[in-house]
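The letters A, B and C name the chains in turn, as written, and every chain counts its residues from 1.
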Amino acid sequence: MFHILNVDDLATDFLLDLWNLALVNKGKRNSKLKNKIITNLFYEPSTRTSSSFFSAMNLSGGSVIPINNVQFSSVSKGESLQDTILTMSAMTDAIVLRHHEEGSALKASEVSEVPIINGGDGKGEHPTQTILDGFTIFNSFSESMSNLRITLVGDLKNGRTVKGLVKLLSRFNNNHFNFVSPEHLKFSDKLPNSSYETSDINSVIKETDVLYVTRVQKERGSVYNYELKEEQLLSLPRKSIVMHPFPRTTEIPNSFDSDSRAKYFDQIKYGVWCRQILLEKVLLT
Amino acid sequence: MFHILNVDDLATDFLLDLWNLALVNKGKRNSKLKNKIITNLFYEPSTRTSSSFFSAMNLSGGSVIPINNVQFSSVSKGESLQDTILTMSAMTDAIVLRHHEEGSALKASEVSEVPIINGGDGKGEHPTQTILDGFTIFNSFSESMSNLRITLVGDLKNGRTVKGLVKLLSRFNNNHFNFVSPEHLKFSDKLPNSSYETSDINSVIKETDVLYVTRVQKERGSVYNYELKEEQLLSLPRKSIVMHPFPRTTEIPNSFDSDSRAKYFDQIKYGVWCRQILLEKVLLT
Amino acid sequence: MFHILNVDDLATDFLLDLWNLALVNKGKRNSKLKNKIITNLFYEPSTRTSSSFFSAMNLSGGSVIPINNVQFSSVSKGESLQDTILTMSAMTDAIVLRHHEEGSALKASEVSEVPIINGGDGKGEHPTQTILDGFTIFNSFSESMSNLRITLVGDLKNGRTVKGLVKLLSRFNNNHFNFVSPEHLKFSDKLPNSSYETSDINSVIKETDVLYVTRVQKERGSVYNYELKEEQLLSLPRKSIVMHPFPRTTEIPNSFDSDSRAKYFDQIKYGVWCRQILLEKVLLT
């Protein structure tokens, strides 16, 4: 039994194997998990993530107990996270946990009798987002993750998806990172070797392979928003890609959606593909 | 790929075929949709409609991602309807959309990559309710939709089910409509050719084949209620039927429920039968 | 067709048969209910109970329409419980009803066209909890339910699980009951023949086979809590068992969880096993 708690725990070989399987399978249906049931235990709402796991589980024939808005449920009777985890692990085969507190997935894994998949723990990690982000790059650049110029823009201080992606891409050779944000939302983790920090997107956009745009995290306390203009996006190299973990507000104009460089809706589809393979790995090991 | 957005888009041949299939199948189980998954995307609560689609999908072996109370979900992070639709259409095979704004289903269909089924859009339409209402009449009058005297009573101004049913029955020959409401809740669409407006139910109830009672739409701003007495209902012709789109408050007394003319619980069952066939048509075309 | 409304309706032979089947089957998967769909109709939240039925139904291949927080649904449009029951019984094969009002399950059964399973009705009953509590004892004491010293502790006035368990165990020979509570939370039903009331747990804990600890029912108006110390629990006889219907707050320290006498997480697993057999009995009869 193993848990999916953070990016550092995911071995590169494991990820490459997962991505290769996802690329071959492309979300095709099977019945490998027809005897399995998982719990979507969501302490804060995340339609996208919970639906993605639901759909992924379904593709392999498995079932999901959807528990959304746990704040309205038994927890209101004063139950600890540990007891809730032990309860759900007594009746299901794995738990996808979304929680507002950093470290909650780790805490859950310490008591659970079944695998815990971290579906986002506050300002902590969101490893399955990193898996799908990585797959999007893997799939867009001929299954290579090296020699890329990655420009990250927006709220780099609070965005857990940025932290995860930087950790992941730092493992591969010769990647360069541009961190674009205002001073008060600067990337707060250790900078990778080849890094450049700026508040001016125009100074780096033309030298970018992967533009990763993040949302202002209103619910985590930031108030800044970054609106990219269509002209700026059109100045990206032809073979670059534009990613966004979604939801977006006004960071990327809708008019860019039909551009072949826009990969943010592909990311959502890839999320299902990757989570399907991940669930098979977690539940059949 | 086609959407189910409004009654006018539903060809009569399409409906007659759907009803005939529903009548033969009667909600029998099959596995035609065992490889399909849809999203119930409900921006306002409607247990009846969402459960009916859930059950219908299940009868054909398919699955449903239940998203209720979208107001508590990612939308609270400021996502547009279009982005939510594109998101869910990247991971499911069709979307049943319930939304408080008129025109939202059309808006959704303009961006979606998968079929949109309008599950009610504010004061707009609710075409699957019209389909099941039509089937109830079809099934009660020997598969004929003509030569009927239809009496519609209650809030005719705001009730979208009334508008849909009038549109549908106007297509068939020799139907006569009685509109019974107080002045301020009068039917506001174009009156059919053979129409009579009154505020006195007693003047028409004995000359009625289909009595269609609607609920006061408190959540859409009306304050009037129409309470039918059991004596009035008993004065209906023996071969007439009484319909109600539900939920009811006090429009029809419970004591009438066991009368053979009361068809409102049959409507609910027929809703599942019809939606099953509709989903098969939408998802297998 | 039969309903599961209260403990008194459950014949002892029925229960012994159910427990024996659950003990043999141990939650193993089958497809006996693959053509069945039930509704989890929960007017108040209960993640544990609703998830247990969901998982149990799934183990036998069936499906569940999850309706949680009915207060946010059609009922807000003023629908009566009876109409909601008739609605759901027109589209599903059974209804698990959780409701805040005592007597609601009985009321539901009087109109329903499908079996009603009482999933807890206010201060009334929670018969499937009693079934799993009974199974826990049955399984822990060599399939015997007699000659036991049962100590019940906590809020004995409001706790419906205590009332159900006392009713059940009173049917078997030579059981003795210790009721431990402060004066204002004393057991309010008729005391069984061999009973002893006290407010001092220490006076009876060493002469106990089954220690049944309940939670303070804040949401039902009590304000007392009973904290057992680890030393007290360790003074229980070696072959005794400790049960709790959960959720717990501070009644039992986490440090006791790994003790072999602690059966409260087993209860959760057994709940799924028993509900699976119960659903098969209810839906296939």
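Convention: a residue touches a chain if its C-beta (ideal position, glycine included) is under 8 Å from a C-beta of that chain, and two chains touch if they have at least 3 such contacts.
Because the structure is predicted, anything quoted here is derived from the model rather than measured.
Rounded to a multiple of 5, the Cα-based rotation taking subunit A onto subunit C is 120 degrees. Residue numbering shows that subunit B and subunit C use the same positions for less than half of their mutual interface.
As a whole-number value, the distance joining the C-alpha centres of subunit B and subunit C reads 39 Å.
Residue positions 66 of subunit C each touch two or more of the other chains. Interface residues of subunit A facing subunit B in the complex, by the touch rule stated above, are 29, 45-48, 51-52, 54-55, 58, 66, 68-69, 215, 218-219, 246-249, 254, 257, 265-266, 268-269, 271-272. Within the complex formed with subunit A, the subunit B residues making contact are 35, 37, 39, 63, 65-67, 70, 72-79, 82-84, 86-88, 90-92.
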